[in-house]
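There are two complexes below, and they share chain A, which is joined by chain B in the first and by chain C in the second.
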Partner chain A sequence: MAVVAASASTTALLNSSTLISQGAEAKVYRSSLHTGSVPILLKHRFAKQYRHPTLDSTLTRSRVVGEARALLRCLRCGVSVPGVRFVDQASGILGIEWIEGRTIRFLLGSGDEGDGAHDGDSEEDDHDVDSLADYEVSKDELMNMVGTEIAKMHLADIIHGDLTTSNMMLSHPSSLNHSLRIQKLVLIDFGLAYTSILVEDKAVDLYVLERAFASTHPASEPLFASVLDAYKRKMGKDWTAIGRRLEDGK
Partner chain B sequence: MPKRTHESPLKSTDRPYLALGLEGSANKLGAGIIRHEVDGSSTVLSNVRHTYITPPGEGFLPRDTAVHHRQWALKVIEDAVTISSVSMHDLDCICYTKGPGMGAPLQSVALVARTLSLLFNKPLVGVNHCVGHIEMGREITGAQNPVVLYVSGGNTQIIAYSRQCYRIFGETLDIAVGNCLDRFARVINLSNDPSPGFNIEQAAKKGKRLVPLPYSTKGMDVSLSGILTATEALTYDKRYRPNDSPRNGDDEDCFTSADLCFSLQETVFAMLVEITERAMAHIGSKEVLLVGGVGSNVRLQEMMGTMAEERGGKVFATDERFCIDNGIMIAQAGLLSYRMGFQTPIKMSTCTQRYRTDEVHVAWRA
Partner chain C sequence: MESFAYPHFSSTVHVALFNNVTNAARLRARIGDAEREAVNFAFVDARLVTSVLHIQTAVTQALLAASQNTLRTKTVHSEVLWALNPSNNITEALRRYGVSDDSTALLVIRIDPLDFLVVQDRMGSVVEGTLAPILELAGLTDWAAVKKYNKLNEDPVINEAQNDPSREHHLIDNIVVSIVAMKSVAA
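Right, the complex of A and B next:
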């Protein structure tokens, strides 16, 4: 049976990988498909013992596929997200491109880094403490990139569902294989993503991000304002309705 | 608890405190007397309850429930006082449910509380029903700072304490989980005695087949009304066998009412456990406290236990005496706020159908 064979080889893959973090739903590993090849990231939605096995496998399958679809849709529309490397829905594993870099939350230096030490952005903590200067980018430019990327995603009618500064990364310039040393902002974790054309859903997405900024970064108003500015510019005429809805929501 | 170990704002006392609690926000009328001892422990002196039970297939209407409460109030309170063997004159305060709940039953009980307060010249304390559940759960289980899953016929919330407030992290977007189960029990004509939810639980034990139902969690929220509709619709399906009729050889692809109860429970409980786990991961807590009528469901406790174990945590739950609405929890929460100097003047002793958990100032916790 193909399914069993697939799970056996993915189990072997998991065994050879290093666990980076564990969230509520999945374990995240660093791995590579061949020894010595480029690293990839494995997101393993492990079986939940409390759930009925049938229900568990149906849910896991649909979520793995859902996330992969959202990523592919983003990629097709030119939104910067990690590339999909492989999907094993039976074992609940999604393999995606490894992004060498830091989360925006880390780069903005939230005042309470110790508070969320276990939420996954603490890999390689001891050596090379990166800073914004390392990435040759200013805070303002960074916020610009964030706004533009979210706008691109919304123009493709994709709703992220969990926009926080921990779910965006800036890839390190030296990690890009082409010679142009440009930093790239990458949106990650599409576990709650879905497609929608509704103004409401897009406004809620922005509102969630605003709340995330407020709760993790002290004095974040000017930061979020410049995110919105960039978003506005990229969205063009679509902004009017979303902006109004965002204001109504408050 | 890790990190924060502030002094409790509750002052130690030189004498025991006594409170009577009256509860009647839904179809249960409860009266209970609690004593807070000098050493900080508390004793449940009595906990009496009478439930308004309707015929199978029917829910309880506010007006009839209020009539029930009025008819039983004296008997229930009298029993509570007799069992506790304290006198009404020894009480420090009389606590009643201010809300949330059904208007008419709430008003009947508030009226009784006001009358007693005037008769015996005792201060009144209005209590938030949800906070009552949480405080009683904490008292009985000894859980210090848990994530609370409050699941009952009228409420479904995930709550955690932060800065003198029980913050709501997730909740139902439409109907409560108890409402969902009870209404399905009525669809398949299960008895309302002792409660429809209990009978669903018993029927589910006989169920074997998991019938696919919608599964809708949104972040830390859940939506349940669609699942109820879907399950109801399945009772009109041609594969449905209402009376658990024997399956012969060619009757493979069928399901019974027990299967539907089983599937409904498995699906909605899985959703609840999932959002609770999300909240635990978000907050960084390892304790879960289950309160509310549905919290006495053993299957839910079991599922929650498995999840907590996987995370290296622990689940705290109580049995039906304290899970299902009761007077003693109102006495407990009321006495805590009374000891912090809170009283409800008779002019303000109203009730309200809408009273959110996070509106309460939790003065008695650090």
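Right, the complex of A and C next:
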């Protein structure tokens, strides 16, 4: 079985890209596939020296494939996610649509945007003072969008697997064509996503997000409560069982 | 005609849009003939292409396959057609996305570092039609056929957007571009 090794063309592509973040799983680049193209985001799941090469190669391939498939499934179901732009499975690279914007973690002002426990959650350290006001939404509207988008994803039986405020972005209004009514909130990082119809899995997804809110954002209870309110509204009758399961878990 | 450089593949790609094409049947017959230099292009039926990004994404995946020696078809040009078709059936890909007898709008692609003018000249000498700016592609797309071939008619997002054509087209484009990009790992 071939070890995951970047081919010559892949190495050249990465060398021409700008590294914007490095996590334990992957390096994230801003890149361009040809002259004059719009920017794309490349996520390179590099070879892990601490794993057996065969296992590493299998895991890397299956995660690239899994993430690409989860994104397509979301797109088809109308869940707001970046489109897929490039897949080089042999090298462990996934290229997705570039989202011009900020993570919800940043916009809620957790204080620092630093490299946390999750891959790909830090952003360029530029100094423009992006705030919620620039994005033309209130905190409450933002929490509503988060709850609604997660509900759409769960209605499509997709489990994110790593819901945190770093894995959601808000597109900057200047980057959107308003006549198309494109959703501003975008869910990202589907590396651990899978499909499931189980109430349990959806409840766990929400529980993970609740813990993320609690550990990242001061006074998070009212924030998470409005996420849950919007989620309930969108889920309709499916909420009862999930809500009960979420309560049981606490 | 437009040219795009792919430095990491050491390649240049020339793409031209021809409208009002009158010799599609003859072009198709000549391709079948042999790999003759005069028709050494990818001829793509422009009705099935949703955007420049759509065709560029297919070209990129074809270049990637060529660079890794994993082409599924004979040439990098036929690989572009294969990349555009969601199924793994090569004959179907060529029949649907390639030039057919009733094609009137064609995207003609040459993956080669040849000089711009040389390529444009050669394209012009084989295709009888009007060279058009590539962005005119937007007006030529047959959205019903795109939806059918990509099996989008059952997708919730498309049904939700059906009363707003520009939004629907935007969503379809994003989905078909994604389908092409991830074809090598499709379920």
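Everything that follows uses one rule, which is that the second predicted complex is superposed on the first by the 221 of 250 C-alpha atoms of A that agree within 3 Å, B and C clash if a C-alpha of one lies under 4 Å from a C-alpha of the other, contacts with A are read in each partner's own complex, and residues count from 1 in each chain.
Throughout what follows, contacts are C-beta pairs under 8 Å (C-beta built on N, C-alpha and C of every residue); 3 or more make two chains touch, one makes a residue touch a chain.
Since the structure is predicted, the reported quantities are computational estimates derived from the model, not experimental observations.
Once chain A of one complex is fitted onto chain A of the other, the partner contacts of A:D88 are limited to chain C, with no touch recorded for chain B.
Once chain A of one complex is fitted onto chain A of the other, the partner contacts of A:L192 are limited to chain B, with no touch recorded for chain C. A simple residue count on chain A separates chain B from chain C, and the partner touching more is C.
In the superposition on chain A, contact of A:L75 is made with chain C only, not with chain B. By the touch criterion stated above, A:K237 is placed in contact with neither chain B nor chain C.
Of the two partner chains, chain B is the only one touched by A:R51; chain C is not. Of the two partner chains placed by superposition, only chain B is touched by A:D162; chain C is not. Considering their complex, residues 23-25, 48-52, 54-55, 58-59, 118, 161-162, 192 of chain A touch chain B. Chain C makes touch with chain A in their complex at residues 4-9, 13, 53, 56-57, 60-61, 63-64, 67-68, 70, 152, 155-157, 160, 164, 166-167, 170-171, 174-175, 177-179, 181-182, 184-187. Residues of chain B touching chain A in their complex: 210, 212, 215, 219, 266-267, 270, 273-274, 277-278, 280-282, 284, 302-304, 306-307, 310. Within the complex formed with chain C, the chain A residues making contact are 7-10, 12-13, 15-16, 33-38, 64-65, 68-69, 71-72, 75-78, 83-90, 95, 97, 156, 177, 179-182.
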